[in-house]
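Next come two complexes built around chain A: one with chain B, the other with chain C.
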Partner chain A sequence: MSQVLVNGVFLGCLFAVVAVGLTLVFGVMEVPNFAHAGVIVMAAYPTWWATDAGAPFALAALAGVAAGGVVSVITEVVAYRWIIDKPWAAPAVALGLMLVLQNTALNMYGGEGRSLDTPYDDVLLEFAGVSLSGVKAALIVLAVLSLIALHLVLSRTSLGRAMRAVAQDREAAAMLGIPMRRQYTLAFLIAGLLAGVAAVAYGPTYQVSPYMADEVLLSAFVVVVLGGLGSVAGAVAGGLVLGVVESLGAAYISSAYQSAFGFLLLVIVLVLRPGGLVGTNARRVA
Partner chain B sequence: MHTTAPPAEASAPAAKPERRIRVTPNAAARHGGVLAGIVALGILAHSLLTGLEGEQAQVALLAVVWTIALTGLNLVQGLGGYPSLAHAAFYGGGAYLSAIFLEKGMPMSLAAPLAVVVTMLGGLVVALVFSRTRGQYFAIGTLFFTAVMTLVFTNAAEWTGGPLGRPVDLGYSLDQTLVLLAASLSVGLALFYAMSLSRFGARLRAIREDEDLAQHVGVPTARVKLMAIVISSGFGAWAGVLFAQYNGVVAPSQFTYAQSFLMFVAIGLAGYGRLLAPVVGSAVVLSLTQLIDLGPGVSQIVLGVLFIVVTLVVPNGILGGLAALWRRLRPKEATS
Partner chain C sequence: MYLKSTSALIAGALLASTAACSADSGSGGDGGTVTVGAILSMSGIYSTLGPPEKNAMEMGLEALNENGFTVDGEHYEMRIKYADDKSDAATTGVAALRELVQSDNVPVVAFGLGADTYVPQVERTPLPMINILDSVYPSILDLDEHYFRTRGDSPTYVPGCLNYAKNELDIQSVSVITAAGEAYGEGLTELVGQAAEREGIDIAARSEFPLGATDYSNAINEAVAADPDAIYLSSVTAVILPVLKQLRQSGYDGPVLHSSGVNPEQAEAILGSGFNSIMENNYDCAGTLPATSSEPATTAFAEEYQERYNEYPQDLTMWAYDFPFIVAEAMTQAGTTSDRDAILEALHEIGVPEGTVSGWLPGEDGRLFEERMARTASEVTTWCPEERTLGSVMTFDVDDNGQVVDAVLNEEPCA
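Here is the complex of A and B:
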């Protein structure tokens, strides 16, 4: 039982990191960023490529995180920037970008899965009958650290305050002289860096492939809906809830249908509360 | 289709939508012309299906099947403006269910309608859950529905044959299937034409333009959305039944959410809610993904870029852009 819970926390941290990136972008720009999966893939491949070429893992990981940030900002500059006034076009553009990014990865690196080796591959933590591989422990640590960093940025810096203001009310924020363009770019930069962290952290447990992020992205979207689109705290809480639900379902009912339990949770929540668990009529990023 | 004549609104008499079907000679000629065009398309489809061979025949088949399925999607996504990513699941539902019913020994005359009806019940459930949600939530929910259906297709091996798929017993002869494909294309487009001109179509458009306003002036938005989703699932299921008959094998990889994306892209590229959007959309998407081999993934990159550019530059799609161009070139006649 506690083993299942630990696995749930691992999954939950992964979902939370991905979901926070989605919710940040949604909060600021109202875009359901399906292309986030592509960003994760485009961050994972440089990491794999660098380790394969003999670079130390820490350096490769940094390169991956940076690549995530760069690719994410590129999607904003090239596409999302132009649809700020046309929110209905957002799902279409997001899907188009996802097709482009995933297939670029497919074209550059081929479709087969690559395994990503880390220095902590052989580490196995055991505590009171619960075991946790080094890779999973590293993911939990990385996720917690990056979420704390994000919280500090959003709550303590003027950039973070500006971003929260934009998420609450774009027009009012613009009237108060907040440079909107910069906020959009910044949201995508942070989301991309988080996607990079996610890619580096969970690439070693799965495999690096063009489709590695598809299922995680779906679960992350469920998290975002659970927590309310645009709510960072909601995304963290929702991530943990979903991670535990999915790992309980996988352990006690059927592991093949793991992500279906997330769907069930989504359906229940939407039937009871079509606006998500956390009311988001007043959208906020915090 | 009694969907074209729902009971009159109880409230807001002032907001009665203008009846758009006027039986003036002019309009009759126009409707007749459109219907003749639709029939001609069906005949063209049949001659392509019977005339082409090998890989080209396969592409022609996919184009016709997609057109039938997309005609349904064009109601929800095109007229209603709801980004539905559940369509591949309905399409697969029809294909798998008809195969399972045939295996159980049902005659095709029972298996095919039953597969469509059961899929429409599934569509009803999707509609009941997700038509309460809007925009982004709807896209995410329907996407997830398709992903879960792919899981079912892959894992319920007892019925679906697992990841490698299952054979489909022959319910119609090949000739029958080809005739049915061509006929369904024409009938489907004609039904869509009728629905888009009816009050049902006007209400869907009202929802697309401004759902809150539509509700205020008395459009029963929940019921209209529900009907649109259920009808569209029927189109998808029927396309799946015919696809399974022609193909002889169904596998989960044919009905993933990547297919849902491509269907969504097809309608968006061609023009939301336009009568010919399913034809043009499936032609563009399939010719890029099936006919032109540019190397792994390149055709989908081209498709993605094309989709983004069209969305940004001509938001009404290729057909909408052409129509606008046509109006600009003939300004005098456009004032009618």
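Here is the complex of A and C:
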């Protein structure tokens, strides 16, 4: 049971760090950012490339996180900015961007999976009959640290407060003189950095490939809806709940249907609490 | 006069281009070029398969075209028109097949994945389809009588894994981890169950993960918790290597069995710098590899392939190399380069073509294809950590009852 819960927490942290990036963008711009999967890929490959070229992992990871931020901002500047008043176009644009990013990676690096090596690949933590590999422990630590940092940015800085204001009421925020475009770019930058964290933390547990984030993205969207659209706290809670539910379902019912348990949970929550686990009357980023 | 000359020139040019087109499209002529088709996964998730297949086919074409081949007294060369199914046979692959068959009018198509999705097109426009990859159980050959395959199917090699595990590794119980929804893996799991029963090995646990999953913790926990002597991973290379990595990361260091045909370069790319230790205590049961084969022609091919492309030749490379030779032999026997029905009939009849390198095991009557399946020997390979490569520990055959026969052990697999 303890091992199952630990696996669930690992999955939950992965889902949460991806979902927070999604919900941040949705909260500010109301865009279902499918391209987030492509951003994760475009952050993972530079990290792999740098480690493969002999760079220390920490340096490569920083480069990967930065690449995530840059690519994410580029998607906002090149595509999303132009459809802010056409929300019906957002899903198509987001899907198109995801394909563009994934196929760019495919053309640049090929379709073969690549291993992202870390200094803690061989670490195995064991306590009270529960084991956790070093790469998974690192993901949990990185997810917690980055989410704490995000919380501090959103709650303690003027930039964060402005972003929350935009998320709560875009028109009112504009009337108060908050520069909207800067907030959009900032939201994408933070989402991209989180995608970078997800890439460098999650890549070593699996492999780097153009399609490495597809399944995680689906689960993250479930988390976003579970937690309440636009709610950062909801995304964190939803991520952990989804991770644990999938893990319990896999362990005690069937691991073949692990992903299906998440969608079952989504249906139940939508029936019982349509606003999500952390209900939001209005969009918010907090 | 000027008009007449111009007309004559245009007419001449038209005739020449028509002649060139007809030779290129396969209707032949002395010195003509026959074009056949190949649908390979050059990009996408299965792009580990397509490029080596294409490389090997090009080598085979070069070798074949050195002397060409003769059909009905006329001399031909061959070229292959390649199509990329982008690892998506159901959409891109089907469109590519339609173009090859209906627009390019190729007489034969080679393919890797997508046997089930190509059936409607083959029924509409029948032609010989030669598969050089898919050994899934139940057999793709049951899908359509136009399908041939240049390798033994899973039942010809999976039993070797369990036989070797029982007799040489003293394994009494095995847990099986399967990629649910992946046909090859599910077929392997069924065969492992059958072979384990024959060998008296207990299946300690059967766990699954959904295809496309990236975290296998729960399936691994279930398999390991049953305390098996070994774990069998059921799926293809691109799927099982990440599972193997997470299995080792979880602390399991026991024997791992699989039938994925993984090669050292794939292992290093997907498993990373720790691949040498992760691959230790691994046993892979599949068709013989070019590099571990005892056939001189096969090992010569392996060396040439490795030298030319600087990569370890997968098993499918030798079958891909032989594809042009097999088609040429069938065309020679059929006496036509374009009659699909006649070429189909000839494929049933041909023996092992000269120039092939795979070390084919012909049927009792000397035919290459027995019930549309051509076979090479099967083997169990293990990982040699010092050499960082694979070594053959046992070659074997499997009889009609699924029993391992003619097993030959190699006492020094890493020598």
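FYI, the second predicted complex is superposed on the first by the 283 of 286 C-alpha atoms of A that agree within 3 Å, B and C clash if a C-alpha of one lies under 4 Å from a C-alpha of the other, contacts with A are read in each partner's own complex, and residues count from 1 in each chain.
Here is the rule we go by: contacts are C-beta pairs under 8 Å (C-beta built on N, C-alpha and C of every residue); 3 or more make two chains touch, one makes a residue touch a chain.
What you are looking at is a predicted structure, and each value in this text was computed from that prediction instead of being measured.
Once both complexes are superposed on chain A, the partners chain B and chain C clash. Once chain A of one complex is fitted onto chain A of the other, the partner contacts of A:A256 extend to both chain B and chain C. By the touch criterion stated above, A:P56 is placed in contact with neither chain B nor chain C. In the overlay built on the shared chain, the residue A:V271 is in contact with chain B alone; chain C does not reach it. Contact with both chain B and chain C is seen for A:G110 once the two complexes are overlaid on the shared chain. By the touch criterion defined above, A:P119 reaches neither chain B nor chain C.
In the overlay built on the shared chain, the residue A:M98 is in contact with chain B alone; chain C does not reach it. After superposition on chain A, the chain C segment that clashes with chain B is 93-101; the remaining candidates among 3-11, 75-83 or 93-101 show no clashing C-alpha atoms. Annotation: chain A residues 106, 110-111, 215, 254, 256-257, 259-260 touch chain B in one complex and chain C in the other. Across the complex, chain A is touched by residues 43-48, 87, 180-181, 207-210, 212-215, 217-219, 221-222, 238, 241-242, 245-246, 249-251, 266, 268-275 of chain C. Residue ranges of chain B in contact with chain A, taken from their complex: 81, 83, 129-130, 132-133, 135-137, 139-141, 143-145, 147-148, 151-152, 154-155, 261, 264-265, 268, 295-298, 300-301, 303-305, 307-308, 311-312, 315. Against chain B, the residues of chain A that register as touching in their complex are 26, 30, 32, 79, 82-83, 86-93, 95-100, 102-107, 110-111, 210, 215, 218, 221-222, 224-225, 229, 254, 256-257, 259-260, 262-263, 266-267, 270-271, 274, 276. By the touch criterion given at the top, residues 3-4, 7, 10-11, 14, 106, 110-117, 121-122, 124, 126, 131, 133-136, 202, 205-207, 209, 211-212, 214-216, 247, 250-251, 254-260 of chain A touch chain C in their complex.
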